[in-house]
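Next come two complexes, and both contain chain A; in the first it sits with chain B, in the second with chain C.
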Partner chain A sequence: MDIDDILREVDPTFHSIPQEQRDLQDLTRAYVAERCAPELLHYPPGNLIDRVHENIKRQIEMVEEMTGNMNPKTNFALIVIQNELERYRFILRSYLRERIRKIHKHTLHYLSTDELRSRLSEIEVRYATARQSRLHEHYMSSFLAEFPPQLQNLNDTAGNLNMIDSPDLDSAVFVRLLRDTLVESRGVDDDGLIEGKEGQIFILRWADAKPLVERSSAELI
Partner chain B sequence: MAHPLPPGLTPAEVAFLAEMEMVTIVPRQRIESIDLLGGKTPTLRPPHRAQVPLWLALLLKKQNRANIVPPPWLHPASLQSIIQREKVEDPVAFSPPPPPPSRIKIGGTAERINDASDGVSPPFLPSCTADAPSGFLPYHWQEVAEALLAHAGDDMPASAGEVRGLLRDLAEIRAAKLRSSSSAFEGFGDAGVSLTGVGAMELADNRAFLLGVIDGVRTLGAGAEATRREQEEEERAERGDEFNDSDEEMGI
Partner chain C sequence: MPMYGDAGLKLVQHAKRTQNLTHLPPYQTELVRSVAKEVRDLHKDATNLLEPFLKVQGSFDPSTDPATACTLLVNHLSMRRNKRCLLAYHRTRTDKLEDLVWSGHDVLDLSAQQTGGESGSSSLSPQEEDYVRQYGDLLAAFKGHWTDIDLTGSLEPPKDLFIDVRVLKDAGEIQTEYGAINLTKNSQFFVRQGDVERLIAQGYLQKLG
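Up next, the complex of A and B:
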């Protein structure tokens, strides 16, 4: 322990949040947001998920090393480390599985434009494409082939009717403001515009909440 | 492989998140710092207090390695004053959440804690530590209180029964508020609906109901809303600002 560590412990104004803690906070927020948002969100910036994967791998290696030299002192530390590791993995797993659920539900929608496609990670794009083509093959072989060719498409947009199912962007969500900001909201009888304060919680339509969330002015809860 | 739970956080997930709240402990034995994925734990040196996440505090408590210092808002006097506020001072809205840390003044000096805390939100705010302000319910109040009462009852400031009773009163008063707030959804207009001060578990328990009502009202009123928007658009056009093309998305 050097002087900086001591200063850090006694003076709350000295420290800034270390990277590991930031990552945990960002991962948790990404997980909560993904669970609550009606549509697939952007992959978190700055390689967060890769870094998390890397950290988990390193931690598992450490656990394996530590289980080798059993002494009562490190025993307790090992329990704590494994406990935390499982918690951490739970968040990551829930996050990724929620994304898979959304991709399953609206595969064609997320593959339809470049903007939507850019929200998926490389692996997710590969997964979605492979899944869709298998599904199409399966439909083809079981019934689609019997239809007239002009009715065989799964992504027909003729007659102003889009066959591609997409998430309802107007469904309601809960948001908490992370800083003071103007909140616009549309309603059935009236539209509103109010000056929101940090920490306030609102129910908004996702379409209205989305710009706030993307600017990090608010988070989904 | 896809997520098995319905969208939106479930009560079990909220309870999991609440275990990341920081609490204050008094260690009973020396434990070296442990290198965790979420950062190092502090070195525990009795009798110095330390801040650790709730899940770790419960583990230490269970093994008799530490005592937990209950957060000030959990004291009966604090709970009484919150009940008073919820019942008498403002029978409609929830009592306000703890002030954001960037606005808390430490030791009377008007300094901000640090700018790095910007954008940090529960469960990472120090709202359940011994330094948390009393008289404010933090976001995860129900889960943290329940966990502390169940696993650290002997560290509580009063008998577990008394604190439980107060918590139950509080939960009932607030549940009634949440239910009656659904009448405000009829218009779902005036800048959304504010639920400031609501707790995480209260939201999780009522998520399906609240969001269901709102989405239902929206679907029922979709026609009326489209007509209103058309009218407003016409009025705007009549006022002659046709140059000012509306970039507002038309709700259908």
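Up next, the complex of A and C:
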């Protein structure tokens, strides 16, 4: 028996709304993918995060309402709901933090082109830009201001060495195929081409797995 | 006689060591200054070296004078290397400071305590203190969007709703949905994890079991 089943029995508002359940599923999938992928993925489309956030808000309100009630039956339900709420909050928090961690690590990289920038949410872009400019000010006032002007940049590419660090797209990830598809991969000596079946699990370079994941032919695990 | 780049190397070693420390060692004001000075001196040298060429020919052709070209190249690379050393050192420290801000410590207070609070000395440079203050504001604003999930909360998956905690330092009275609890030192409570997470992170409470 799943926690959802228990909730459905004790909470009369739960059974008729499959949307919320789908949201949780989508969030969990986004969370797992974000944790597994070496680079920042797209912010989920369609206000998923806002909806989830709304749900959490509602749940918190409900918990507060129910707290006054000392009826042992609702009290048990309350504990179940709080448990669920804590887990829900954890997934969302952990998801957002993972994104922040990646943004921190390669801020300039993700802010450098429009394509990369579009992966961030509005709030994230604002945060990343503000942080980067403060960091730059900090470098400037600490030592960079004393440098000759042509050495003050933070995005030089002189000597074939890009100052902007970017994530390693060739690091390995595990994927599970969601449908039959052709799996192409580049190897060190030889490239591979495999007729993949649904449910099979592969270990691939992220760069090779990315198109599969984006087509929803595979999910990261 | 210290060589070019020695000070830069020392900075990087400091940074490397900082990565494994739980606290932030004092800011190396002197080292940073001498590395920055080295860059300025090197730049002056380079300008002086180039000057006669620019005056006579208007430009410098490396193939006519390989020796000068080599000196310029080495000069230039040294400057770049010093810049990288300085960036690495400062970035390591700001990363650490940001971590401290995320975990909810009062960084400015903490650094003053470490040095014994003598004559207002701090392990942070004035610029770093500024940065911490600004970053604290920035993070608070960012967190404001997500008040309901407590963005800086624990990243351990929640197992139990209620946990046993022991009070390590007097933390006064806290309000929970089951009433007020007075947290006096050495007492033990069975409380909702969400209510006391902050206090655990700040070291007032210890989680048992």
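In the analysis below, the second predicted complex is superposed on the first by the 201 of 221 C-alpha atoms of A that agree within 3 Å, B and C clash if a C-alpha of one lies under 4 Å from a C-alpha of the other, contacts with A are read in each partner's own complex, and residues count from 1 in each chain.
The rule is simple: a residue touches a chain if its C-beta (ideal position, glycine included) is under 8 Å from a C-beta of that chain, and two chains touch if they have at least 3 such contacts.
Keep in mind the model is a prediction, meaning the values are calculated, not measured.
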{"item": "Contacts of A:Arg215 with chain B and chain C, given as first, second, both or neither", "value": "neither"}
{"item": "Partner chain in contact with A:Ile56 - chain B first, chain C second, else both or neither", "value": "both"}
{"item": "More chain A residues in contact [chain B versus chain C]", "value": "B"}
{"item": "First, second, both or neither for A:His42, with chain B first and chain C second", "value": "neither"}
{"item": "Which of chain B and chain C A:Glu64 touches, first, second, both or neither", "value": "second"}
{"item": "Which superposed partner A:Arg131 touches (first chain B, second chain C, both, neither)", "value": "second"}
{"item": "Partner chain(s) touched by A:Ser142 [first = chain B, second = chain C, both, neither]", "value": "second"}
{"item": "Touched partner set for A:Arg101, first chain B, second chain C, both or neither", "value": "first"}
{"item": "Chain B versus chain C as contact partner of A:Glu86, first or second or both or neither", "value": "second"}
{"item": "Touching both chain B and chain C, residues of chain A", "value": "56, 79, 83, 87, 90, 94, 97, 104"}
{"item": "Residues on chain C engaged by chain A in the complex (per definition of touch)", "value": "32, 35-36, 39-40, 43, 79-80, 83, 86-87, 90, 94-95, 98, 125, 127-128, 130-131, 134-135, 138, 142, 145-146, 148-151, 153, 155, 157-158, 161, 177, 192-194"}
{"item": "Interfacial residue positions of chain A with respect to chain C in the complex", "value": "53, 56-57, 60, 64, 67, 79, 82-83, 86-87, 89-90, 92-94, 96-97, 104, 123, 127, 130-131, 134-135, 138-139, 141-144, 146-148, 151, 154, 158-159"}
{"item": "Contacting residues of chain A [partner chain B, same complex]", "value": "9, 12-13, 15-18, 20-21, 23-25, 28-29, 32, 35-36, 38, 55-56, 59, 62, 76-77, 79-81, 83-85, 87-88, 90, 94, 97-98, 100-101, 104, 168, 170-174, 176, 178-179, 183-194, 198-205, 207-208, 216, 219, 221"}
{"item": "Residue ranges of chain B touching chain A (in the complex, touch as defined)", "value": "1-4, 7-9, 13, 16-17, 19-20, 31-32, 34-42, 55-56, 59, 63, 65, 97, 99-100, 102, 106, 111, 113-114, 116-121, 123-124, 185, 187-198, 200, 203, 207, 210-211, 214-215, 217-218, 221-222, 224-225, 228, 249, 251"}
